[in-house]
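By letter and in written order, the chains are A, B, C and D; residue numbering begins at 1 in each of them.
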Amino acid sequence: MSLEFTASEMMSVTAARALTNDMTCFVGIGLPSEAANLARLTHAPGVTLIYESGTLQTKPDVLPLSIGDGELCESALTTVSVPEMFRYWLQGGHISVGFLGTAQIDRFANLNTTLIGDYREPQVRLPGGGGAPEIATNAKEVFITVKHSKRTFVKDVDFVTTVGFGRDGKARDNVPNIGRGPTVVITDLCILKPDPETKELVVTSLHPNVTREDVIEATGWDIRFADQLETTPAPTARELEVLRDLKARTNAHHSGQQ
Amino acid sequence: MSLEFTASEMMSVTAARALTNDMTCFVGIGLPSEAANLARLTHAPGVTLIYESGTLQTKPDVLPLSIGDGELCESALTTVSVPEMFRYWLQGGHISVGFLGTAQIDRFANLNTTLIGDYREPQVRLPGGGGAPEIATNAKEVFITVKHSKRTFVKDVDFVTTVGFGRDGKARDNVPNIGRGPTVVITDLCILKPDPETKELVVTSLHPNVTREDVIEATGWDIRFADQLETTPAPTARELEVLRDLKARTNAHHSGQQ
Amino acid sequence: MAEFLSLQAAVSKHINNGDTVAMEGFTHLIPFAAGHEIIRQEKRDLTLIRMTPDLVYDQMIGAGCAKKLIFSWGGNPGVGSLHRLRDAVEKGWPNKLEILEHSHAAMANAYEAGAAGLPLAVLRGYVGSDLPKVNDQIKFIECPFTGERLAAVPSIRPDVAVIHAQRADRKGNVLVEGIVGIQKEVVLAAKRSIVTVEEVVDDLGASVNACVLPSWAVTAIAEAPRGAKPSYALGYYDRDNAFYKDWDGIARDRDTFQAWLKDNVFEKGAA
Amino acid sequence: MAEFLSLQAAVSKHINNGDTVAMEGFTHLIPFAAGHEIIRQEKRDLTLIRMTPDLVYDQMIGAGCAKKLIFSWGGNPGVGSLHRLRDAVEKGWPNKLEILEHSHAAMANAYEAGAAGLPLAVLRGYVGSDLPKVNDQIKFIECPFTGERLAAVPSIRPDVAVIHAQRADRKGNVLVEGIVGIQKEVVLAAKRSIVTVEEVVDDLGASVNACVLPSWAVTAIAEAPRGAKPSYALGYYDRDNAFYKDWDGIARDRDTFQAWLKDNVFEKGAA
């Protein structure tokens, strides 16, 4: 019997599976936070979640709306100042995975969260870099989760807020004390990984019921597929149950107050 | 009726009087700590005492033996880390007075707490700089208290651990973001202040019953006296009582334990 | 020593048109009451500094208080855009807003360096990012020991820091608890500081290593109960996440924003 | 995750001859039990780093463990000299000791930079001091924004950090309270760390912003009750100031020192 699930649920479950029990994960707000907490509530109860607000090893019962909700602090091992978070814990080398979302991503996994158009006359002004530029270079590796669309997956980002592998795929070469960079991108359609040589993102696994054409249609460059293209395992009943409970709790919590 | 007091008590009382209620004082261990706490227990109950161990605004009931005795922490407003103490509170410009002792002092109020003799083949190895080198430059001004002797008051220190006004009296000239340096030196014989022009230490006040000859005899250079040489007021009965109580409490406390 | 003032008096006395003002509180203890008082007093030409401008700066920018914004993440967390900020940047309404943007790491380090009295902060940052191309304050230095190329940014030394804290004691010592963010740093980095507090108490009840700002490191304290709403104050009230979501609709349109401002700021006095 | 070991096993496993070892605790929580275990295991050629060498390094130096000392204040606080340190520096007994000395500010900044993963620390320091003449690790850089000359020192990144703390929970999270010194920094700056604790408990009882080292940031934990004696552990026992005074007499003479070492270290096992 096959379960019903949405593309968005498929994305969250797949992103969650990327985390393991022994990881120390610096969590971005939104999709990464949902995935990271789903991991913690399912197969990786020991995963250490860290938010840039200073909350070390936090275990929120509902998803935070901001990266500084009270829930994060109250359930944390301890809470440090923001300079300490960025200096000692991130730059100090204690983060195994930075988990990021983005507004735009290009074929070399560079991320743009700054603006669409020209910097001085922006078409659309986005929030900016936040923690991402240094998470992407100081964490040992980076996971990215983002919905797949032609607007988001572009050949070249308008602005490199946060480096993946640079405009030419070589930005990390010979840079001392830099992490491996993005190792996986999880979308609602597929899983992509950088080619070991060129660093261009390649589809390595299609989610159930997604075709190559779906991905080509949603990608702004001539996307490549791995020779050994896999099919992502569908969510399990337990994964879906935990995810739906988490989201229901979260929605009830965030609208209950005025 | 005149009170009996020792030269050492005279020194502590005089040093204490240099502090006022509105000062934030970074306190060195030993004589400065005795003077600073005497000030707090007499005329300057509001003086803010800070020790380099991280204890902010501390009010010890007995004198600490080390700069990190439990007494300092338990009676402090809060206790911060040592890097924070040196970065935010001292270098950040929040200290009005650094109160220091020394092993050697020269005519330009340079302090040596490093060694006697040659650096690589020391005759006597002293403890070293500790907090003093940066206290002396980052505090808005510096008070020094030390017993007067020819071994201590030398023409040129063997080693400038902590700058007063340098080998030539000009070390602070045109240096940005530097404090005024030593403004007063209090000994068991007299009070010395730097000449406004040359920065050479000049005796401005003799303690009761001390002669010019006593000071000349105890100083390793051709010491000058101010034109308007004053006589330091003797300790009051209350100052002596508080000082003696403090020292008795301290001695009882530090020997009571094994 | 800190002076106890009304919020009205503190803002009037310590914030001047044209000042560089840093109002901090990293997603916690955001000083909304102070922001509203600044709007009511129609302060102008402020250079506003804040890692996460949040709704408080969206409101102040929309009200015309700011000429420049220095920031590192300008969104409504978990909701979307700051529409007043975008309108100012994209359309120049109600006035053109100059922006200078950093990453969080750089701003956190710049506040830290400001508190430490240094002119610069050094970090391993901005590698491969385009931000140094659009922010000429970002430079790179070479480590004299290892030769490594490191980023350098000027420290932040604002004219005025404004923060909200849980409580002060009657001597003016201030306790900040929970997500302490960069509150201590911004107060120590600034020339003057205004701290609004939930309450003034006899005893702070602070633990031994608590984040306490001594009275002599603070300029003015104003009691402003619920002064962080719709942000939150740990131990006092929760974040009003529903208002954060509603703000998206209010701020999207100039008229609804102005109506909101009139009803909720101009026609309300200081606490 | 931190591994729970006996003190004997922790020292044996993680400290090798020739290692750079930083044992910290700024006049509080000084890891004496660990120092004695290092003496018992006859570790040799250690480069010892510590702001205030104190009695623990006097003992280790006198016992022949050290070839080099990096420090900023080497005295018996409030008492006088460290005679074993002086004997090693002045007379080469029991072996020649190389020294490299800093100021407290520079060492505190160097630990901070080490914890922050940076190769250098920048401070406004050493102005007018002769220390840069005898320590070639002290350099000066020019601020690219203001042109100000600032001191730079290499960050401290020891092979092993050793600290003593009040307690750990059963997962290996560690609480340090009171004068926290540079304990957090040295553990984060080091490749490996050994933390001795007064006790292992179910719940740390830590306040919200307490100085807690997560289990995944610590290498090994060893229970060592009264492991900081004659230093102290806030909340457990007081500083034994009388012993600090007595040490002056014990350490002044090589024979009395060696007799003390035999009776109090070699003939006592690890806690």
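Structural remarks
By definition in this document, a contact is a pair of C-beta atoms (placed from the backbone, for glycine too) under 8 Å apart; a residue touches a chain by one contact, two chains touch by 3 or more.
For clarity, every value in this text was computed on a predicted model and none was experimentally measured.
Between the contact lists of chain B and chain D, the overlap consists of C. Between A-C and A-D, more contacting C-beta pairs join the chains of A-C. A straight line joining the Cα centres of chain A and chain C is 28 Å long.
Between chain C and chain D, the centres computed from C-alpha atoms are 39 Å apart. The centroid of the Cα atoms in chain A and the matching centroid in chain B are 57 Å apart. With touch defined as above, residues shared between interfaces to two or more other chains in chain B number as follows: 73-74, 79-80, 87, 91, 138, 177. Shown for chain D are the residues in touch with two or more other chains, namely 112, 117-118, 123-124, 146, 148, 178, 180, 184-185, 208-211, 234.
Here the chains touching each other pair up as A-C, A-D, B-C, B-D, C-D. Remark: chain A residues 29-30, 52-55, 64-70, 72-74, 79-83, 85-87, 90-91, 110, 114, 119, 122, 124-134, 137-138, 159-163, 166, 171-172, 175-178, 253-258 touch chain C in the complex. Chain D meets chain B in the complex at residues 26-28, 51-52, 71-75, 77-79, 81-82, 85-86, 89-90, 101-106, 108-109, 111-112, 123-131, 134, 146, 148, 178-182, 184-185, 211, 232, 234, 238-245. Against chain D, in their complex, chain C makes its touches with residues 117-120, 122-124, 137, 139, 141, 143-146, 148, 150, 152, 154, 177-178, 180, 207-211, 234.
Contact residues of chain A toward chain D in the complex are 24, 48, 56-57, 73-74, 77-80, 87-88, 91-94, 138, 177. Remark: chain C residues 112, 115-118, 173, 184-185, 188, 206, 208-212, 214, 216-217 touch chain B in the complex.
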